[in-house]
Every structure is written in C-alpha cells, then in structure tokens.
Amino acid sequence: ASAETVRVGVAAEPYPPFTEPDASGNWTGWEIEFMNAVCAEAKLDCVVTPVAWDGIIPALTSNKIDAIIGSMSITEERMKTIDFSDKYYNTPSVIATAKDSGITPDAAGLADKIIGVQVSTIHQDYVTTHFGDAVAEIKEYQTQDEANQDLAAGRVDAIMADSLALDAFVKSDTCCEIVGAVEDDPAILGAGVGVGLRKGDDALREKFNTAIATIRENGTYAEFSKAYFDFDIYGK
Amino acid sequence: MIEWVAGLAAWELLALEPPGWGGVLLKGLAVSLQVAVGGYVLGFLIGIGGAAGKLYGGPILRDILDVYTTLVRAVPELVLILLLYYAGTDALNQFMALIGAEPMDISGLAAGIFVIGVVQGAYQTEVLRGAFKAVPHGQIEAARAYGMTSFQVLRRITLPGMLPHAVPGLANLWLIATKDTALLAVVGVAELTLVTRQAGGTTKSYFLFFFAAGLLYLMVTLISNVGIRRIERYARRGMPAVR
Amino acid sequence: MSSLQSGSSASSNETPPAVDIDGLHKWFGDLEVLKGVSLSAQNGDVVAIIGGSGSGKSTMLRCVNMLELPTKGKISIQGETISMKPDGRGGLQPANAAQLRRIRTRLAMVFQSFNLWQHMTVLGNIIEAPVQVMGVKRDDAIARAEKLLDRVGLSDKRDVYPSFLSGGQQQRAAIARALAVEPDVMLFDEPTSALDPELVGEVLAVIADLAREGRTMLLVTHEMKFAREVANQVVFLADGVIAEQGPPETIYSAPKSERLKKFLATVQ
Amino acid sequence: MGPELRSWKEPHRLVLLAIGVGIIIFAAVYMRWDWLPRYSGRLVEGVGTTLWLLFLTSALGFLFAVPLGLAQAAGPVWLSAPARMFCTVIRGTPLLLQLWLLYYGLGSLFAFWPEIRQSWAWPYLRSAWPYGVLALTMSFAAYEGEVMRGAFAGVPKGELEAGRAYGMSPFTVFRRIWLPRAIHRALPTLAGETVLQLKATPLVATITVVDVYAIISRVRQDTYLTYEPLLLLALIYMMLTGVLVLAFRWLEARVPVKG
Amino acid sequence: MSSLQSGSSASSNETPPAVDIDGLHKWFGDLEVLKGVSLSAQNGDVVAIIGGSGSGKSTMLRCVNMLELPTKGKISIQGETISMKPDGRGGLQPANAAQLRRIRTRLAMVFQSFNLWQHMTVLGNIIEAPVQVMGVKRDDAIARAEKLLDRVGLSDKRDVYPSFLSGGQQQRAAIARALAVEPDVMLFDEPTSALDPELVGEVLAVIADLAREGRTMLLVTHEMKFAREVANQVVFLADGVIAEQGPPETIYSAPKSERLKKFLATVQ
C-alpha cells in the first residue's frame, strides 16, 4: 500500500550469518529477516541499500539512507553522532585459542601471549582495558575472519570476539576451540545491538522500538531466529 | 595442504549462473572498467590543460595549478570521495532547497568517475609536464618560428614529441585507474574488488576468488599492454634505439 | 663576383624596409649580449651577419622573429612593428599574439642546430608548416616538397626520420623546410656549416634565386667567401654592437676597425 | 626563476593563503576536535610507522627499479623478458590482493605445517611488517621500473656514445651519464609515484601493521565522526606530500633546462 | 703553408701504424655506405677526410672507435687489432669488451653534433673522462680543464650548462673535452663547422701543436683551406670508397678524378 519508504543501509562486506549477498545479488541472513519482520510490523516499505562500512555513517547523516541494520553495538561514543533504537540482539564475548593450549580466558592465562581482535570493536576495548598490561601484543584486524585465519596460522595465540562469530569458526576449522567467556563488563561490552538512526528522527525510532517489542512478544522473532541459532540471541 | 589446494579448486563457485559467482565478478569488472575509462579520459583532458598551464601559463594560473596538483595528490582518494559525494551533494541539495529547486540525487557512479578523473588529472598533469620538458626546446622554437598557434604547436609538435616520454607514466596511471575503482565501494558501487570480497566472505573461498579477481585484473593489464606497446612503438618512431 | 649587389638596395622612401631592427638590446641574466643594434634591410637585400663566436649573431636573428624576447628595442617587418609590452621584470613580451603569429608566417628560419622535428619524416617536416599554418592542400604541399627535396639533393631520404640522416642531410632538410613556406624574409643561421663545398655552391645558387625573386635574407655565416659572394650588405657584430657595416667590397678589402682587420686576417 | 622563489606577497598568493586560513578556522570552530588529545601519542607513532615504511620501501623499490628499467630498455631478451613479466604481473594486480595473498596465503600454509613455528625465521614470518615491506617494495619497483624504462630509452643516444668513445666502461657510462640523465628526466613522474606510494602504505593496516591511517580509522570507528578524522588525515598526508614535492622540486632545479 | 708534412709520415716498418683501417664495409639496412675502405695513419699523421654530404665520412670515423659496428673489415690501433666476432645477423660485434674499452681510452672524438652531456656544466663535461676513466685526481683535472678552457677561450662559461651556449661555444667545449683525455689518436668530425675564421685559426694551431707532440689525427672537414693547411694526407671519400688519396698539394693542385675535380671546383 502507500507505506513510507525506508532505505536501510547494510554493510556491503558480508557478515554471516547476519547479512550476506548471494550470487544473484539478493541479501540474506538473520538481520535481513529481522528487518523484514520489523518493517512489516511497522508498516514500512524497507529497501536494502548496501554501503561500504567506511561510508555507512556519512550515508546516514547525508540522507542517502534512513537506517542502519548492521550489527552495530550501542555505545556512548556512537550516540554522540547518531541515535539508536532499543537493542535487538546481544551475545556474550568469548576467547578462542589453538586446541589444548591451556590458556584460560583471564589476564593470568593470557600473560605474555599475542591476542588478536577486530579493530574498533567492543572486544578491542575490552582487551585493551582488561588484558592490556598482561599480554605481549594486541593485534588489530580489519575483519574478524582475518583474525580467525591468523589464529589458525599460529601468528596469534588467542582471539576474542562475539560468541556467534567464533562458534561458526571453531565448527568449520578443526584447529581451534573456545576456551570460555570473559568476565562481563557492561560499561564496555555495551547494551547490545540496535538500529542506527539519524539524530532527531524520533518518529522512525519510535516505530522501530514498538515493532521490535511487538515481534519479541508475538513470537515472530523466535520464529525466524530458529533457522539460524539454537539459543535466544536476544540475550539477557 | 591438500585441503588448501582443494579450497582453491572449488571451480563450481566460479560458474557464470547463480549460485556460481562468475557472472557477478564479470559484472563487477564491467563497472570497474566503465569508471576507469571515464575517470582516465577526464583525467587526461585535465592533465593536458594542467601541464600546458603549468609550463606556459601566467603566475596566477601556475600557482592555482600547483595547489590543485599538490592538494589532490596529497589527499587520500577515500577522503576526496567521501567529501565530494556526501558533503558535496549535501551542500548542493541545501543550495537547491534554498533556491526552491528539487533535491538532486547524484549517482555513486557519476561521483566516482568525477573523483577518479580529478585525481588522475593531478597525476597526469605532472607526468605530462615532465614529458613536455623532455621535448628539445629547439623543436618548439622551430614550430613557433613558422607561425604556428600555441594550439598547433601543442597538437603537432609538443604532443607527439613528448609522447615517447609520457607513455610509460600514462600507462602506469591507466593501470592505477583500473584498480583505484575499488574506492567506489564506499559509495556502494559494486565494482570488482567489492564483489570479490562479497563472494569470498559469503563462500569462505577467499583464495579462489582473490586469484580469480587477480587473473581478471591481469587480463585487463595484458590487453592494455598490447595497446600500450603499440602506442609506444608509434610514439618512438624516429628515435634510434639505445644500446 | 658579387653579382647580386645591383638588387633593390637602393631603397626608395615609399616602400618600408623588409626588416627593421631598431635599438635592440638583449640581456641574458647579467650578460648583455646585444647593446643596441640597429639594422634595416630592403626587399631583396641579402644581409650577411659575421662576427666572432658568442658575439650574439644567433641571438639577434632569433630576436627578429621573437624566439628570443628583446630586453629593449623595436622590430618591424615590412613596415609593421611587432607590438610589445613590458613583462614586469625589466624586459619585453609580445602584446598581440595573433599579430606575432601572422608576422611569423611571413618569416622562415633555418636554425643553427637544425631543430628538425624528430617524430616526422623529412617529407613530413617540409609539408608541416604549409599544410598546418598556410592551409595548403596536402597533395600540393607534397608535390612542392618533392621539388624542393630534389633541389637540395635529398629525394632518396624523403621518408627517413631526421635522426638517421648525416649532418649535411639534416641541414639540407632544414633548408628545404624553410623554403617550403615561401616566406618574404628568410633568416639563415649558418646554413652551410655542415655542407661540403659542392653543396655550399648549390645553396649559394638557391639564395641568389630567392634574392632575385625579391625575398629578403638575413644570414649568419662564418664563411667569408660565401658572405662575399651572396650578400649585398655585410654586418660585422662585435661586443654587442654593429662594429662595421657596408657592401662586401669595402668590408673585405678596406676594413676600418682593428677588430675587423684581425677577424679577417686569417681568411685572406 | 622557479615559482617558489617568487615572493609570498603577491596578491593572488595572499588570497590563496587567506582561503586556506579561512578553511582552517572554520574547521577549528565548527567541528569536533575533543578526541585529538587522547590519540595524539598514537598518531605520532603512526606517522613514524608510515614514514618508515615509505622511505624503506621506496628506497629499496627504486634500487630494484633501476635494473628492471634498464633490463627492459636495453637488456638481452633473457633479462628483459622476466623483468617485463615481473612488472606486468605486479602492476596488473591490485596491491591489496598481493598483500593478502602474501600474508594470509602463506599464513594458511603455516596452519598445515606447524613445524615451521620452530624455525629461526618464525619471528619474521609471524610478524606482519616483513610482508608489508615486501609487497610495497615489489609494487614500487614494478611501477618505477616501468617509468625508468622510458627514461633510460629517452636519453639522447649521442651523449651515451660520447661516453663510450672516451673509453668509459658500460658501468661508468651508466653511472655518470645514463642514470643521472634518466633520473632527471623521470623526476616529475618519480615524485608522483612516491606520493602514490605514500598513499599505498595504508593498505598494510589490513595485515595488522599500525600506521597513521590505522589510527585514524580507529578514531573514526571509536567516535563515529565522519569528516574530522579524515580531514586530519588529509592534513597529515598533505604535509608529508608537501615535503616530498619540495624535495623533488629542489632536485629537479639542480640541472637547469632551457624552455 | 703545409708545414706539417715533414712529420713522421715516412714510416719505418718497425713501428705499427697508429690507425689502420682494413677493408671496412658498413651497411645501414639496405644501404651500403662504406664499400671497402682501407686507410692507415702513422704516429703524428694528420689525415683530412673530405667528401660530399652523406658520403660516409662520419660513419667511417665512428667505425674507428666502434660506435658504429662495421659490417666487415678490421680496425687496428697502434698495431692492436680490435677483436670482433660475427653478431649472427651478418654483421660484426666486439669480442672483447675490456680490450675495446682500453683502446677507446687512447682515442678521443669530437662529434659532429657535439653530444655534450646536458646534465653537466662545461667544466663537468671536461673533467668527466679524466676523473672517471683515467683516474686523474679531481683537482688536477680541474686545473688542466681550466687551462684548456682558456686555450679555447671559454673560461667565462666554465659553470654554464651546454644548452645555454652558442653553437661555437658548444663546439669549443667539445674540443676541450676531447683534448682533456690526452689521447694518442684524435677523431675530429667537422671540428670547426660552427666556428668563425678567427677561431678556426686557433683550432688549426691547436691541431698543429698536437701533431708536433706526435698525436695522430683523423679529421673530417668541409673547409678545404683548413684541410690543406693542417693535413699531411688528404683522403677523398666518394660512393663508399676512397676515390683519391695523397698529400694535399697533389690532391688540390692535381686532382685526378673528374669527381674530385668537380668537388673542388667551387673552392678554387
């Protein structure tokens, strides 16, 4: 019908299982299903607009897109520039190492080791704050995938990341294992992932918030998540 | 090791029809080439004008051109494209709103060609300036002495005379242009590098796709080289080979 | 010998001189090469310019068609003064590019270092100015160029690029290039330096022909014999000024200044 | 003489200067710079890394470029063919791909061959910078090799003959005449290629080398500011480029050319 | 005049000739420029090579120091034959690079087109070969170069780059560069083409001095008067062969062939 058109920016670089294109150019993944559900609920006509991660915030602020659904964690720093909806998922952070390394997910276990993280993530902040003095070196990777590869190659001793991302990795590669979750620190690890919105676009934010709450309640959220995860990704 | 080789040889992923990614790669290549050609040609026009201005222009023109080549060459292309595409269209639309016109939507492709052209223009200005300087002065004097206009001197004497000195530099810039198109990913243009990353990220067959993209780029280069060598042979006519 | 002296040098007051140089000064940085040179040549005059190496002969010739910009002075071609304006650094610069271009099409120059265009064949060099500047049809230009090539004995090198020519062949190509534009005034900078005596004789004949057609020539040369035979006026340049000037007989047989006497001593 | 020797006081230069100052004031007043102090230390380190990479790889790259150019311009087939192939392959594929294939390609081999971790070379194989230096050096060598090929071929033949005629060994002819003439001829292009190399260094951030670009991306993703960090980056690169351009100008002006 | 003819031209059988050219052939593509030229010069000989433009004089001179590779023939310098081997395309190439280099250090050449190194000042051009090839100390080389500059009258252009020199100044710089290596054999390709009569006289004196020191000279020239005064042997090159050869008196006063008679006609 005459629904309002919302251009939703996703990162042009694939981030499975959340957003990824297939060979015919269609975008698939959990976040795409989430978007479809939310937009249907809020009666919005949403179109996927891939934008490189580097340009996604300027694209939002200069009106090229209206919302970002890209696994963007809600942090204080980001709130200075853009607004967020309520969180729509939140997963714990874990540490992975080579099999039988004997490393434990704490400062003592990581002493004098090389640890890899994806650059500019909450994990990077966490490692710097909590393990910065203990480890030998913190290596920063542009993508999580590259960090994973270097763990397999033995260039780093451990990596810290989102449990989902690492879960998929240790299942596909026999080299490594998850040694456990780190101690929680809400100030750094944040309040989960939200929809990024232009500052002052309160009407749209309200629509998203209401829709997120509704699909959580009416079971739609659980329904489409089933195909991807065997636990509740919404978190605590 | 075997797995490593096996990962490389997952040829079916390169099939032209989905679920193979071959078609996507080729489409990306076509977009890259489109941007490269557009940007390069624009850059060449700017370069000729810029070099001529730097060599024969007045002090004001020379200074402005100096600022242009220094700034544009200094500022990373990524910054330029972000500034021109986002800040630029923003400003343009605010201006349009001010005069009461409809907001314009500039396509990422057009902006990309423009930015690559502006960047190439700065580099080509310098390459061409060097080449112009390599033309023996006497040949230009002779042309002037016969009453040729500045434009005729340029077209008939200086351009062909400097060509042998300019071809290697210009060839480099062309090859750079074909690869600089990767920057357009920032504004969402699906060119070869971006679709390669997408294919790799989705299928996890990074090496397969990076090799494939490498081969595509290499093919463009090899075909270009045939043309470049031909131009160069033509340009060097009349010059004895050095031993 | 000097069969050409009966030319039009007895100028009437009505027709303006073909070339008129008035109070020409030229500085290169701190070096004053020309210190006020004045010279005028009537239609059909052949003026030989002689003088020591580095005395400014080439510079003077190059000032006539503004390849070297005078620091001070006035140049007129057939009564039309090339308009100049100060360049803000104590020198002059052309004020009217179109006028300068128009005047240059009536001048032709043979350079001391030939300056052939390296990316064109001999034929290409010769037809370039007629086709591009004068708008002569290509075929006509080629036909004419072939006659000229024949005249300078270079027909077999028609399609050769200049860097594969011997010195004398390059010089002859340069002469043919200058002849091809059929200029009113020709500026020759040592046009026979790379030629053997036989060819010098031929160039001499060409120049005599041209003078007979009423064309004016300024010609720098080191070959006194050549100057004597071809010129009806000889100018001796020394220390940046015209030290002596006159018809060849007087210059050669009765030099006035010590400087010229010494200069000519070795030739006698 | 050259434009840089003319006075700053010419009116149009003052105008340009005023525009520049205006932009800086605008940026300082209307944009957010509160993050700057927090990152200043790391920025300085990053600039250091960038410069170190730039100088090392362009110097090494140029050393390789000279034989590459010479082999192609005047070498026998068995030298010129491989040189040409090297230049073609390197120039024909994106630097990012090369960097990737080197770093992660080799890395994926290590995963299947753990014994290598005991070898003496492991500390180097394990670090990222050797791969960055290698890739950047090869890239500069290939591009510059191509430029030098043209420059070598463009030196007037007669001047080389004069050298030979005086009994100079091929190496002396090369060192005293061919190379200086070629370099002088290639300088404007060389300057451009060096600036390009400066802007290629950020790619090493993808293999965990922390240069100034990596720091700036860090700032961008930490603060989510769009333009400010990029403007600072532009300013830093502009200053570095300015120094490079002036240095090359100076070199160029050492041999005056008529016209 | 010909004061030099009493030199060492009466060669004894023991001392080998300074330069010996034997059966020299040179093809450029389809063009046979030299068709079997043989010539030998004893120590202290001054051989003038004359001939029409394009007759192959420069080519012959350039073959002596292997700048042009002969298609066939043998070149010996002071009894040492430059060793050659077939190049697989019907021509020859040097077989021993070190030997060629050693021989070249004993030769010096003044090129028809000067070929000064554009990236060095006049002084730099002159000291280059002594310092880099002969291993002369830089200061000594400079001291010597200054003397030479004085001799050719170019002291004030010491620090100027070649492209800012007049034609004659460039030629003099090239001559000074050749003299600086104190060679046994000098090859001059039209060394006075850009010089005025006064300077021609001076170069003549220099060459006479050199001959007196026992140096050998091959010299291509178009100035018959110059050839006559300075040479003790004149070689006339025509159609790729030496058409006539002998002491200047006989060549100039009693030319045998029609060709030479015609060639000299204009000079008499």
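Labels for the chains are A, B, C, D and E, by order of writing; each one numbers its residues from 1.
Here is the rule we use: a contact is a pair of C-beta atoms (placed from the backbone, for glycine too) under 8 Å apart; a residue touches a chain by one contact, two chains touch by 3 or more.
Every value quoted in this text rests on a predicted model; they were computed, and no experiment measured them.
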Original post:
What is the set of chains touching both chain C and chain D?
Top reply: B, E
Original post:
How many hops, at fewest, get you from chain A to chain E via touching chains?
Top reply: 2
Subject >> Chain of greatest Cα-centre distance to chain E >> reply: A
**OP:** Calculate how many whole Å lie between the centre of chain C and the centre of chain E, each centre taken as the average of the chain's C-alpha atoms.
**Re:** 30
Original post:
What is the distance in Å between the mean C-alpha positions of chain B and chain D?
Top reply: 18
Original post:
Could you state the distance in Å from the CA-based centre of chain D to that of chain E?
Top reply: 47
Subject >> In chain E, residues with contacts to at least two other chains >> reply: 113, 163-164
Original post:
Among the residues of chain B, which ones contact at least 2 other chains?
Top reply: 78, 82, 86-87, 137, 206, 239-240
**OP:** Name the residues of chain D that each touch 2 or more other chains.
**Re:** 104, 108, 157, 226-227, 257-258
Subject >> Pairwise chain contacts under the document criterion >> reply: A-B, A-D, B-C, B-D, C-E, D-E
Original post:
Considering the complex alone, what residue numbers of chain A touch chain B?
Top reply: 12-16, 20-25, 49-52, 54-55, 58-59, 61-64, 143, 145, 172
Subject >> Of all residues in chain E, those that touch chain D in their complex >> reply: 62, 65, 67, 97, 101-109, 111, 113, 115-119, 128-129, 132-133, 161, 163-164, 177, 181, 187
**OP:** Using the touch definition up top, name the residues of chain E that touch chain C in the complex.
**Re:** 28, 50-54, 58-59, 112-113, 164, 166-169, 172, 190, 193-201, 222, 224, 262-267
Original post:
Which positions of chain D touch chain E when the two form their complex?
Top reply: 156, 158-159, 161-170, 172, 176-177, 180-181, 184, 255-258
**OP:** Going by the contact rule at the top, pick out the chain D residues touching chain B in the complex.
**Re:** 3, 6, 10, 12-13, 16, 73-74, 88-89, 91-97, 100-101, 104-105, 108-109, 112-113, 143, 146-147, 149-155, 157, 160, 185-189, 191-193, 195-196, 199, 202, 213, 226-227, 230-231, 233-234, 237-238, 240-242, 245, 257-259
